[in-house]
Amino acid sequence: MIALFTDFGVQGPYIGQMKAVLYDLAPGKPVVDLFADAPVGNPKASAYLLAAYAAWFPERTVFLCVVDPGVGGARPALVVEADGRQYVGPGNGLFELIRRRARETRCWEIDWRPGRLSASFHGRDLFAPVAAMLARGDEPPGRPCDDGVDRRPDWPDDLAEIVYVDHFGNAMTGMRAAMLLPDARLSAGERVLERATTFSDRPPGVAFWYENSNGLAEIAVNQGRADRDLDLSIGAPVAIVS
Amino acid sequence: MIALFTDFGVQGPYIGQMKAVLYDLAPGKPVVDLFADAPVGNPKASAYLLAAYAAWFPERTVFLCVVDPGVGGARPALVVEADGRQYVGPGNGLFELIRRRARETRCWEIDWRPGRLSASFHGRDLFAPVAAMLARGDEPPGRPCDDGVDRRPDWPDDLAEIVYVDHFGNAMTGMRAAMLLPDARLSAGERVLERATTFSDRPPGVAFWYENSNGLAEIAVNQGRADRDLDLSIGAPVAIVS
Amino acid sequence: MIALFTDFGVQGPYIGQMKAVLYDLAPGKPVVDLFADAPVGNPKASAYLLAAYAAWFPERTVFLCVVDPGVGGARPALVVEADGRQYVGPGNGLFELIRRRARETRCWEIDWRPGRLSASFHGRDLFAPVAAMLARGDEPPGRPCDDGVDRRPDWPDDLAEIVYVDHFGNAMTGMRAAMLLPDARLSAGERVLERATTFSDRPPGVAFWYENSNGLAEIAVNQGRADRDLDLSIGAPVAIVS
């Protein structure tokens, strides 16, 4: 299975063009859209989101990951293997949390180049063909790289910020709920939030936080919208108050 | 074929995670997105929309339906079979109109549980695996339930409200056009609307209603947007004035 | 492969219903979404967008194209074959640039009709079944038409307007970059724009134009949004100032 993680948006031609490459070069492999609306141009916030959601997928899933504000510049192109899953994308920190949390990890710097490489769409021209190769079982088309390549030691283990807001207005943080004390309270948007188990736990209109279905601490309002009620968007700070 | 009907939104990870389960457990079965933007947290409006659109699909289609504001609470998990099609989802009235309009219908309460059931995403953890079982031809993993389970006798046969607004600004009602007199006029947004056969029937800028391609009475403006011009959104009332 | 090009929007049931027809009638053929958000009700702007993006796809791709404000009226239904690719859709100019730029082209007027043809959704009822026939290798179900049918000789070879705005706020023009002088400057939104090779070429916040990954001249702002900063939307005029 190939899973797509990008900031391209659900509209427009970009996702379709990448899928055309995948269907052409890896026929019969299912392709699923994981996120098409990862934090735009923000590899750091995206890295925490990717690490939380990728862990849910079965081994041998290939992740085609493109949050790439530096496309056309000097950042390397990487394949990362971590705990049996493979990741293809730009070397800009996007895989930092995947690598940090993995039991074992390997890295390749892609040196294969397509016949035609556009300056602005490496997702289609470079990363999608490489993802297709990996999905077919080929070796990563590059040279093994040192584990120190493209690391971000200064990034925290959990990110105390909003990293995603969903269709319901729920705001995901970059913090794993398992790393918080069971009775931890969070502060966001000038509100202090208690923990709940699920939505029906809380009266309508009350804001709370809970462990979402992928293990992140997420801020929600039962029958309401946390993004509007607490004025939250990607990048908004969150604090642990107890 | 498996058809998805949810209020998850077209963005975000939820649809992709459900598809990952379906491709894994029912390989080779095509999956189509019917609605990813059904009325949010509104099983009643959704029930009229689902009944209108499901009837168009061929027999043996499996519908994976998740409009589930009570997830994590006490509502049952159901499989409904109606006129050769199968439906999986929460027992909160979502299947009321499917059942009411079917020539024959059966119902099962799902008692199968996955190894890991999150509190907030039964679509992925419970309903998707069951939909995959049904698509593979397995029996519903539960016990037959009485036809009285999860019925809503107080809901009308047709709903005089807006149940969906599309990309063009057209506003679908929950009323079947075939239940209205041929010269019926509708009132919505303080306007009285005549019936037209299709868009090119009416001058640009004029609001009208017509029978849409799935049989619902739908309000539109030729070369305009009914939602803006008449201030219509989901839940807005509609009346029959003649 | 079947590629979808429509103005239906990414939400709602329309794309899913067309895919249900395609999976049913052409099982096993991959279907990709190229554009679901082509310029709404605007076959002219759509024609320039389609021509730029279709040329990237491999031979034998079938394009199912529905930007069809005249649905239910008198416009013909066409199959166009151009340089080894096939196009199905309404005869309203949508294929004008495809035909004008092709080395060789043929045209058929579709005279096949389905058992049930709705007045408002020919994409599902007429064009999708025909696209499935073509994807299976069938002959176009119609009679060859003269090359003069549905031509727009008064449309320019390149359109000096915005034809698409993407998720990042980048604004595509209907002009091929290869038709502009290397040092051409463009004027849009009361700004004069220099050419750049790619995003990282320009300082953050500076607006520029560049040749996008499909050969169109596109207006962008590094780490900004051209649509907001320059007040650009579909139809906004663009001028060549040197």
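Letters A, B and C name the chains as they come in the text, with residue numbers starting at 1 for each one.
Assume a residue touches a chain if its C-beta (ideal position, glycine included) is under 8 Å from a C-beta of that chain, and two chains touch if they have at least 3 such contacts.
In this text, all values refer to a predicted model and were calculated from it rather than measured experimentally.
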Residue numbers at the chain B-chain C interface: does the shared fraction exceed half, giving same, or fall under half, giving different?
-> different
Roughly how far apart in rotation are chain A and chain B when fitted on CA atoms, stated in degrees to the nearest 5?
-> 120
Please report how many Å separate the Cα centroid of chain B from that of chain C, as a whole number.
-> 31
Residue numbers of chain A (touch at least two other chains) | 10, 37
What part of chain A is in contact with chain B in the complex they form?
-> 1, 3-4, 10, 30, 32-37, 53, 56-58, 164, 166-168, 197-201, 210, 212-214, 223
Tell me, which parts of chain A touch chain C in their complex?
-> 7-17, 19-20, 23-24, 27, 37, 40-41, 69-73, 118-121, 124-125
